[in-house]
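Common to both upcoming complexes is chain A, partnered first by chain B, then by chain C.
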Partner chain A sequence: MRVSCLQENLAKGLSIVGRAVSTRSTLPVLGNILLEAKDNQLRLAATNLEIGINCWIGAMVEDEGAITVPARLLADFINNLPPERIDMELSVRTQTLSLRCARYTATIKGIDASQFPFVARAQADEDEGGSMADVIDGVTIPLEAANLRKMIDQVVYAASTDESRPTLTGVEVRFRSNELRMAATDGYRLSVRSVIFDEAIGPNEEIMVVVPAKSLGELARIAADADDEEPVKVIVAQSRNQILFQIPGNKDEARGSFQWVELSSQLIDGRFPDYNGIIPKSRDTRTVVDTAELLKAVRVAFLFARENNNIIRLTVMPDGKNGADDNKGQLRLTATSMEMGDSVNDIDAQIDGGEIEISFNAKYLIDVLSQVDQPQVVLDTTQSTRPGALRPVGVGEDEYLHVIMPMHPNR
Partner chain B sequence: MSPNSRTTQSEEWPVIGHEWAVRLLQRALPAAATIPYDSRLSHAYLILGARHAGKSTLARALAHTLLCTESDSAPCGKCRACRLMAQGNHPDFRLIQPLSREGKPDREGGLLRAEQASDIIRDASIRPLESAYKIFLIQDIQRANESFANKLLKSIEEPPDYVIYCLTATDRGNVLPTIRSRCQILELRPLDTATIETALAERWAVEPEQARLLARLSGGRLGWAVEQLQEESMREQRVETLATLLHLVEADRVGRLLYAETLARKRDNQHLFGLLEIWTIWWRDVLLIQSGCPEGCSNVDLLTDVERVAGQISAARVSDYLTTLRRIGGYLQHTVNTRLALEVLVLQMPMIGIGHH
Partner chain C sequence: MDYNCAMIAHRTIMHLDLDAFYCAVEEQQDPSLRGRAFAVGGSPNGRGVVTSCSYAARKYGVHSAMPMAQAVRACPDLLVVPTNFSAYRTVSRKVMSKLRLFTPLVEQLSVDEAFLDVTNLPGSGETLARELQASIREELGLPASLGVASNKLVAKIADNIGKDRAAQANAGYPNAILVVPPGQEAAFLAPLPCRELWGVGPKTAERLHELGIERIGDIVRFPAHELTRLFGKHGTDLIHRAQGLDDRPVCTEREAKSVSAETTFSRDIADGQELRRTLQRLADDVARRLRKSGLAGSTIKLKLRWTDFTTPTRQLTLARATDDAMVIYTAVETLFRQLWPPGTPVRLLGVGVNGLAPQPYQPTLWEMETDEFLQAEEQMQRRTKLRDVIRELDGRYGLGTLRRGDNSQ
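Right after this comes the complex of A and B.
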């Protein structure tokens, strides 16, 4: 293998695939990054067996070949190099990689590339493993990087971090004719987000998979560097229990860019709970408030709620007790800390329905409100012991919905 | 059929001896790799046996066979899966070992910790990457702390169909009954000396003389013999320890106490257990000579010394001392004053009066 590329591009590529490097594993080769020079591209690959990332960067290939080298060492070395051309050469006999950039040189000992596990790719030659080309029984759908990222950001935080319930650490992703829907829940809150396309995106039968929340988080991170105009491709291979996202890079930008990235993730086995049951079907009180104002008030209340299980009490007051107009009510946020004191904040609200008092986890409210772009949100409630539903104003009923379980404050 | 047909069958698996266990597992294998889960394989095996008896070797052979993409009944040794297995890099095979406090593998003093159990459960929920199965080899389950074991119970009872657990332990009694009852148990017995001698001579190209000695000393544990071969220091330890023993037998109390003190200062329990084992085998040989069974002796290279001592001490005293050796071993497993234990160890050793020979 003999190949050269730009330092910025290699550094970018390494920072992308580096996130999939396994930090603690019994397999020595998983601490390495695979470098493969082929067809005037350099492929970087890493996997922790759950997530696999392939990243292609532009390169000049004189001799094709591949090797794996320790990820940390390579990344740290490359990051400290000046932004110039890097020449790499592989000595097959000793399995060492020599690098030269400006006046720096290094030789890094590697492990034979054939010891590296297959990292799934959308397309791979027949003699190489890991191709998904033959196992696509799912869909290939177009979705722009920026939209996909937003969509992920709006659901992924609701997933559980408790490993004892593996299914809930994932996000349910559902493809149905012209709809893509994601849902995540940790048992205390639920976030559902869907996108309707103008035309059908997949086969008629519904495809439903549970993708680890971590994998989607990585995808969102990579999508931040992607070409916003071009669509991201999704391939579901249910027989292999994998999902693969193909993310286009900014090809025209010469420095610090990648050509494209393929992120594959193992799917979580197991049934995602049927969450439709917990979505409130009716409402007694509807409260419409300014998103930013509510977020700010919750943040202030949170300062006092931290000592008290993050409990804040929302009091919906329809009458306009402070002498306001008829349909202009107040939303009062109360937080009490035994040690530190308490806070009471009022914000204006349009209220339709009766008075209600309900307590929520402040952190959950902050999580959802930070992801809402629309200026106003609606909070639908029935009783103080029943879940509340939150959703941005101006967004379809099915498009974005957040359900929060109330807390029971000890009085 | 000649008895050879059996050995050839198990020779396909990289396991020496334990033919019954190999056959049992082979019969349970799926008929063809194409229909993986339609088999009589258990979802969890508990392999019991002494240290170095070949428990992990058997588990690896099972894993190797299931992961091999070319052959259904034994690893082919050539395909990608076999090459990855050989280098310890197969992504669908996990080796879990007890860890020391610093997180380093430590099979003697380490523990299987709760975090490892969480990792296993998470890992088990992810499908295999390159083959139909995912095999977890959990070594020394007797070193599991309680929360490790309890966390794993559910997964061991009902793992996803692609997961197979292989647990190893030295002693049935040290494994939590809740774990034991969820596994199919394979209890490996010591191999006979001839099998080990042949294996050493044929596979490890050991000189016949040494092969005979190692086979005798191994107590039916091939892995022990192989470790002796690879670790020169261990062979040195034996020679040195037995030389000390011969010296101590003739030494007076002061000399013995001095030795106990130096030994206690080393603060190396591993060394002590090694010493106890070597001494036990040696004194057992003395008893065997006294009982008229010289053919059963293990220290075949030191028979003249053994015979000399055997002639000068009564069998009852040797037998008593063997009991002491075992008792001291038990003490050292627990928190006793090591120095005191070692003093008892040397003072109770039968004494040959100086000038008697």
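Right after this comes the complex of A and C.
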């Protein structure tokens, strides 16, 4: 193998695939990154057997070939090089990779590329004998990168991090005709986001998969560097056990660019809980507030609430704090810490309905409010023991909805 | 819960213990076991122990906590029945709710044991005990023994003694009832061996023996100031107990002080990865149980047993209470690193959390739709089980021995 590429491109590629490198594995090769030079491209690949990432960067290939080298050492070395051309050469006999860039040289001992596990790709090379059949014989759905990233950001935080509840560590993704819907819940809150496209993007028959939240988080991160003009392709394997995202690179990116990335992930095998039943069907009180103001008030209350299990109490006061005012409602946020003191913050609110007191986990409110782009949010409540529904004003209920279970402050 | 002793002449406390409970449940499910020598517990091939054994098996000297292999040697015809805790729990719940119908003042001690305060019920202690015993036998088909006295200490000892006497008299379930009338407590205890007293373990018994104290009556006769000098506060407690004095109320809600899980390996393990995997599993288990009871704890404890049976423990206290498996594991792994010289074989691992406090309750969204929630839970449990099997196989044969069918090439 003899190949040359630009330092900034290689560094970028390594930072992308590096996230899939297994840090604690008994298989040494999983701590490595695969480099494969072929067709004037350099493919970088890493996998922890749950997520796999392939990244193609532009390169000049003199001799084709492949090798795996320790991920950490390679990335640290490349990151310290000046933004110039890097020449790499593999000694097949010793399985060592020599690198040269400006006045730096290094040789890194590798492990034979044939030892590296297969990292799923959208298209297998001909000489690999269609080994990717299980991925590609699926459904391909084109999506806008920016849209996809936003959707992921708006649901992924609601997924559970508790590994003992595997299904809830995933995000339910449904494709159907012209609709894409994502939902995540950790049992205490639920975030549902849906996008309706002008034309059909998916099959008529619904495809429903549970994607690990971690994998979607990686996807959102990579999509930040994507070309927004070109769609991200989503491929769901026929056997519904794997999903693959093909993300086109942004070639104009000055800080290093990739040609495209393919992120593949195992899917979570399990039935996602039916959440339709827990979405509140009615409301007694509707409270509309300024998103940024509410977020700030919650953050301030959180300073006290974090000493008290994150409990903040919301008091919805339709007539304002001093009784009959000129119809100016107030939303009061109270947080109490036994040891530190307490805080009471009022913000203006348009209120439709009766007074209510309801306690929420401050962290949950911060999570959702941080992801709302619209200037106003609406909070619908019924009773202080029943879930509250929160969504941005101007967005349909079926487009973005967040449901939070209140806390019992006295238990 | 507060008793004003001046207002009550004496209390009537019952201790109820279901006779060979696990065996009785097994017999209900498989009537062919009736009258046979059988033991519930682990396999005689590993390090399984007897959890419970039928009275027919006891005649051969089989007793609970005995290694199963030894039990089979003592009684070659012994039938070994695997434990079925979920069945025992279900039956136990029925019994306990039955007791709570009898009186709300029930303190459950374990799956098969409870104290009842029946002071305010009409009828003598003995009549009430017969009534309760009969209704448990007739409605739930379970044998039970009861001790009745003016306090918990004597009621429990009365139950034990009643059972022993009945077991010597006949072969089946004891179905015993022993009543110690008020005022007779000290006289009842006097001839019994000191070991019967709560708080007298092998060590105290040994020291008492050196002083020539064998029976509970000997404690009362022994100069009190000598006992307090030798045993300190424990000495005073001993004297009170030996006199049959105990003013502890029946607490209807027993608060868990700690939640722990441990595992004894079927063979000693020296592999760090496998040990850590076990710790992870134990931490998961503890966290799940904490969450289930709405508790969180701040003190994380590691228990380790070397092959010579020495059992060191280490603990650390977190800044805030947790019920998170990851947090518990991280803490316990830190302790493990400090305590475990790599490569040392380990016989037992345990993880515990104490310093428990109720978590201000964050109910789940699915609490309203219980069925849905339970289904999700059940599925989750099945998956956890599967994951444990995979971990186990990975530990034994190397990573990736068992993978999803589509993953192998």
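Observations, loosely collected:
Here, the second predicted complex is superposed on the first by the 385 of 411 C-alpha atoms of A that agree within 3 Å, B and C clash if a C-alpha of one lies under 4 Å from a C-alpha of the other, contacts with A are read in each partner's own complex, and residues count from 1 in each chain.
Here, a residue touches a chain if its C-beta (ideal position, glycine included) is under 8 Å from a C-beta of that chain, and two chains touch if they have at least 3 such contacts.
Computed from a prediction, not measured in an experiment: that's the story for all the values here.
Partners chain B and chain C, once the complexes are superposed on chain A, run into each other and clash. Of the two partner chains placed by the overlay, only chain C lies in contact with A:Pro387; chain B stays clear of it. In the superposition on chain A, the chain among chain B and chain C reaching more residues of chain A is C. Of the two partner chains, chain B and chain C are each touched by A:Asn241.
After overlaying the two complexes on the shared chain, residue contacts for A:Val210 are found with neither chain B nor chain C.
In the superposed model, A:Ala183 makes contact with neither chain B nor chain C. In the superposed model, A:Asn309 lies in contact with chain C only, and not with chain B. In the superposed model, A:Glu50 makes contact with chain B only, not with chain C. Contacts of A:Val29 after superposition: chain B is touched, whereas chain C is not reached. Residue contacts after overlaying the shared chain place A:Ser114 against chain B, while chain C stays out of touching range.
In the three-chain superposition model, chain A touches both chain B and chain C at residues 26-27, 49, 118, 163-164, 166, 241, 266, 269-270. By the touch criterion given at the top, residues 273, 284, 287-288, 294, 324-326, 358-369, 372-373, 375-376, 379-380, 383-384, 387, 398-400, 404, 406-407, 409 of chain C touch chain A in their complex.
Considering their complex, residues 25-27, 49, 118, 131, 134, 161-168, 185, 187-190, 239, 241-242, 266, 269-271, 273-275, 277-278, 308-309, 311, 361, 385, 387, 403, 405-411 of chain A touch chain C. Listing the residues of chain A that touch chain B in their complex gives 24, 26-30, 47, 49-50, 111, 114-118, 129, 163-164, 166, 240-241, 266-270. Of all residues in chain B, only 80, 83-84, 87-91, 94-96, 103, 118, 121-123, 125-127, 129-130, 160 touch chain A in the complex they form.
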